[in-house]
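The following pair of complexes shares a single chain, chain A, combined with chain B in the former and chain C in the latter.
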Partner chain A sequence: MIWRRMALIFLVLVGLSAVLAPKVAPYSYSEQFRDSPNAPPGGKFLLGTDDMGRDRFSRLLYATAVSVTLAPAAAALSVLLALVVCAFHGRVLSGLTTIGMSIPWMFLFIILRAELPLNTAPEVSVVLTFALMGVAGWAGPARVLSGSIREMMEAGWMLHARSAGIARWRIAAVYAWPHLRSVAAAQFRALAPAYVLAEASLGLLGLGVAEPVPSWGNLLRDLQHPDMVRENPALLAPLVLLMLCLLALEAFSVRESVQ
Partner chain B sequence: MKAIACLVLFASLSGAASQQELRFALHSDPKTFDPLHVEDAASEAVRYVTAGVLVRVNRATDQVLPELAESWKIIEGGRAVAFHLRAGLKFSDGTPLTSADVARTVERALDPKENSPAGDSLRTGQAVPEVKVAGPLDITIRYAAPKPGIDRLFDGIGIGPTGNAKLPATAGPYFVAEFHPGTFLLLKRNPNYWKHDPAGHQLPYIDAIRIDIQQNRDIELTRFLRGELHLIPKIDPDSFDRVAKEKPGWGKSAGASLDSEFLWFNLAPAKSIPEWKKKWFQSTAFRHAVSQAIHREDIVALDYKGHAHPAAGPISTANKSWFNPELKPLAANPARAAKLLAGDGFQLRDGVLRDRDGHVVEFSLITNAGHRPREKAAALIQNDLKKVGIQVNIVTLDMGSLLERIRKSLDYEAALLGLNLEADPMELMNIWLSSGPEHSWWPSEKTPATPWEARIDALMMEQASSTSMAVRKKAVAEFQRIAVAEEPMIFLVNPDFLAAVSPVVKGLQLSVAPPQVLWNVEWLKLE
Partner chain C sequence: MSSGSSLSSADELLKYRLNARYGATPVLREVEGRLAAGEIAALVGLSGSGKSTLALALQRLLHYRGGRVDGSIVLEGTELMGLSESAMRSIRGRRIGYVPQSPGTALNPKLRVRTLIDETWSAHARGRMDDAARQTLLERVQLPGTGAFLDQRAGELSTGQGQRLLIALAILHGPALLIADEPTSALDAITQAAVLRLFAELNRELGTAILFISHDLLSVASIAHRVDILHEGSVVESGPPGRIFGEPVHPFTRDLVDAMPKRP
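On to the complex of A and B.
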């Protein structure tokens, strides 16, 4: 219970700092102090600066806002799409999810990313990046949800409801959804951190969120240089924050499965 | 028993001491050992140290020196070159090397069925030179029209034996003795290599070269710092600084390289670009203003950690033979940039630049994903241009998509890329001739769109067809003046050539022309 509370407090704090980033951050994420590249952590720059003289602390706050807001939104989109696709029964659904899961979505993502209009504002580009992830990730939750629906269709209460002539939409909304909600919520919790990590992987490939918008993914690219990390351990801050967020989310998932 | 073990150990140690082995790494397997089909960097590295050539351009002095050819004459007003081979030449397997081998190699390179990249440099358009063997040691190659630098062309043509051996015999300092794909290559000294030092000692000095295949550059660096590798032939600025810090003196810089980083606007009649944007891009004043707003010195300091030089034009300042010394790198001057824009009808209101019709000045800049220096340069340029009210949207694309856009679909507005060039301006023909396939701002133009492009075409053809160095230099100097005056390509920096070499390697003469480290491999020693 104590862990759950701590996790909740931590997530609320992270959420608040993300929402209040423009107010809390000492500088803009794109402001370049060209006289102070790679400055060590100190009074003026809490976590130091990057190699273009941008304040790491401000960038971390904005990056948190980007990743913490958009990754759950993408997860919600995936689950929503999965629910829509689950309207198809039987072989069609099975075939669709098999196709969806067998697509090498990383390559598909790179192709789709390349086909987007070039003159997209960085902020819009970030939203599109996560939206694409959300669209690409429907197949996993669809498979799990379809299993639950199958079980439900054979349940005694469902047979009773159908034989009593209750409208299908009412069965779905009033009787089935409370059963499905917990499964959908579990899928959401599993996908949200997965999308944070996916964006980080794309960032490492240089294909995630475009400059100058920060995200946990593109901040993690600095960790590719171990000597830089040795000189400035504050570079580990996005990694530590990411791990703590994942642990906090996991604490909720564990609680849910115990229940 | 102990005595035998000691003897074996002694024998192996003494053997190891007498056998010198230079060790370095390549980032991928060489795709071919056929010197006429080399396209990738790994194959080129192996080709250079194994293939025998008729002449060699000294990378330090730029002089053409004899190799397999003992002497040569440029005849018939630069139309032909007559080579006289050394007597008694042999390939590494002991078979004799004669003018028949040279003729066969040149004919193979020129054969369209072979599709040889080496042959492209020998052709002049569709015209193919005539190859005539005049004796076992004499051969003449004749063109229909004078060919500038006719002798230099043969620095890149590796003379090979007959047959299709997997590991072919060679006439250069080394031959490939073992190849374990994905693991390593072992090159051994060519026992029949013709070259000797002044004391009569047969070259090369080093007995063998072990080239490990190592994709991961961090591991390569760690192995170098541990002493397991003798050199890293090309290193990035971050790694160079780490080497300089941990092993002072092991990092080697040749100064500004021949490479250039630049950006350009799409001037082709692409449907995807609105008419008003085309007008901006076609305006010389707009291009000058963008160029003037960019702080090249910041790109040098922040992006390349000081290991680059601001570019002054299309030819690197490092290219002593061809760079026009009248040209100077452009110092950033946002005030002048603003003045140029105002003079061209642009207006700055509330930090946003608008053209005379009220359109907000905004364009996308594409560059290749994963190339950190370019991504950083783009971010710096974005910030610089914001100060004059121009909004730049950076888009990083995988290389395939990027090339598709800049070469075929022409669906882009501006691009940031780099060029790896060799010293001779013949290299620039594909880029600067308006009909050239790599003519950045409008590939394969049917006719020059502007008078200055027509003038560049004329100058390029003049330097490519004259055998007089003075005429060529004059044409190239004027071309550079026009390129800077019109700025269809905005040159940013010339990155330094950086390498890491252990002090046990002696005889190194770092050059800016490739292969910068190993160009005199036969003279290197390990101490």
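On to the complex of A and C.
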């Protein structure tokens, strides 16, 4: 209970700082201080600057905003798509889900992402990155949801609702949704941290969110240079924040699913 | 009340002749029956004799349980077998009310009593059901019409309350025919007697015809005008309860009558 509350408080704080990033951050994420690249942490730059003289702390705040708003949005998109697909349940779905789950999305994704024109606006690349993840991730939740739906189709109350002449969409919206809601929510909670992590992995490959928009993924690219990390341990800040966020999300969702 | 054989076609409500099977396994073989308007007919058979299958088949719901039906079902002069699913939906709940066996599984545990009533109402009526109509309906089946009761979730009701609610939902649109599938088998003896009385009352006051499906010959004898005995997928004997009890003809009927509990 105490862990769950702490996780919640932490997530709210991170969420708040993300939402308020434009107000809280000392500088813009793209503002360059040409006379002080790679500055150490200090008074003017809390976590120092990167090689282009941009304030690391401000970039971390904006990156957090990107990840904690768009990853849940992508998770919601996946679950929504899964629900739409499940609405047309049947044999087709089961086959489609199997195919959907066996496609190596990561590679397809890398190819798709590489096909994007070089002059694509960074803002577009951000939304596209997460939207693609959201679209690609429908199969997992669809499999779980279709299992629950199959179970519901056999339920006595489903037959009874039909015997009362209730329209199909009312049965879905009023009778079935209260049972599906918790399953959909659990899928959402499992996917959100997975997408945070997926974006970070893509960013590491340089295929996630494009510069100069910061994301946890592209901030973590700096960790590829161990000597830089030894020089400035503040570079680990995005990693620590990522781990804490994932930990909090997991702690939160585990408790939920136990209930 | 007239028995099945002496009906004129004018007051005939339901007439059916059905075969039903699950996969290759036949469950009903040329089961025939008819029901006059306002009549209570009991269909008695052992478990596995195809009673519930018939209850679903008559509503054209059996395909939702993986079964197939052929034959003929004529309700109020309309052949149901050829009707589309949407035409059937307008008949289910409006002309045919269905009271299933177990309120524990037939009522969606997450829904409130109010929601169940309102959804059943809007299946065949426009606008919202008003409070007075809801209260009248619940009092009709001896349930409290209070706000507190309406706000209860179906999962919180007792079996007796749930069974009464199922009956209320079934009679909401004043159907001509009520199909009750073992509606008292989950109840204790006293509640069972009360629910049986309720069915008899509904029949008397609303003129609803009832097809009462049961394994319990004794309990249906008190309210039925006619008893059909279903054995291995066929109706083997049919007649008024007095005749069935007094002079059972078919060997299976004789076994049923002999097996009834005697007063000690």
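Keep this in mind: the second predicted complex is superposed on the first by the 252 of 259 C-alpha atoms of A that agree within 3 Å, B and C clash if a C-alpha of one lies under 4 Å from a C-alpha of the other, contacts with A are read in each partner's own complex, and residues count from 1 in each chain.
FYI, a contact is a pair of C-beta atoms (placed from the backbone, for glycine too) under 8 Å apart; a residue touches a chain by one contact, two chains touch by 3 or more.
Quick caveat: nothing in here was measured; it's all calculated off a predicted structure.
Engineer: Put chain B and chain C onto chain A via the superposition and say whether they clash or fit.
Structural biologist: Fit.
Engineer: Given the superposition on chain A, what is the angle at the CA centre of chain A with arms to the CA centres of chain B and chain C, as a multiple of 10 degrees?
Structural biologist: Result: 140 degrees at the vertex chain A.
Engineer: Could you figure out whether chain B or chain C reaches more residues of chain A?
Structural biologist: Of chain B and chain C, more residues of chain A lie in contact with B.
Engineer: Please work out whether A:Ala164 is in contact with chain B alone, chain C alone, both, or neither, and reply first, second, both or neither.
Structural biologist: In the superposition, A:Ala164 touches chain C alone.
Engineer: Of the two partner chains, chain B (first) and chain C (second), which one does A:Asp51 touch, if any: first, second, both, or neither?
Structural biologist: In the superposition, A:Asp51 touches chain B alone.
Engineer: Using the superposition on chain A described above, determine whether A:Pro37 touches chain B (first), chain C (second), both, or neither.
Structural biologist: A:Pro37 contacts chain B only, not chain C.
Engineer: Looking at the overlay, does A:Ser148 come into contact with chain B only (first), chain C only (second), both, or neither?
Structural biologist: In the superposition, A:Ser148 touches no partner, neither chain B nor chain C.
Engineer: Give one of first, second, both or neither to describe whether A:Ser94 is in contact with chain B, with chain C, with both, or with none.
Structural biologist: neither
Engineer: Mind working out whether A:Tyr175 is in touch with chain B, chain C, both or neither, as first, second, both or neither?
Structural biologist: It touches chain C, and chain B stays clear.
Engineer: Where does A:Thr69 make contact in the superposed view: on chain B (first), on chain C (second), on both, or on neither?
Structural biologist: Touch status of A:Thr69: no partner.
Engineer: Rounded to whole Å, what minimum CA distance do you find between chain B and chain C in the overlaid structures?
Structural biologist: 51
Engineer: Going by the contact rule set out above, which residues of chain B touch chain A in the complex?
Structural biologist: On the chain B side, the touching residues are 218, 238, 242, 295, 298, 301-303, 362-364, 366, 369-372, 375-376, 378-380, 382-383, 393-398, 401, 411-413.
Engineer: Inside the complex, what are the residues of chain A that reach chain B?
Structural biologist: Counting only chain A, the residues touching chain B are 30, 32, 34, 37, 51-53, 110-111, 113-114, 118-122, 125, 205-207, 210-212, 221, 224-228.
Engineer: Applying the document's contact rule, which stretches of chain A touch chain C when the two form their complex?
Structural biologist: Checking each residue of chain A against chain C gives 153, 155-167, 170, 174-175, 178-179.
Engineer: Mind pulling up the chain C residues that touch chain A in the complex?
Structural biologist: Touch list, chain C to chain A: 56, 59, 61, 64-65, 89-94, 96, 98, 100, 102, 105-111, 115, 119-120, 122-124, 166, 169.
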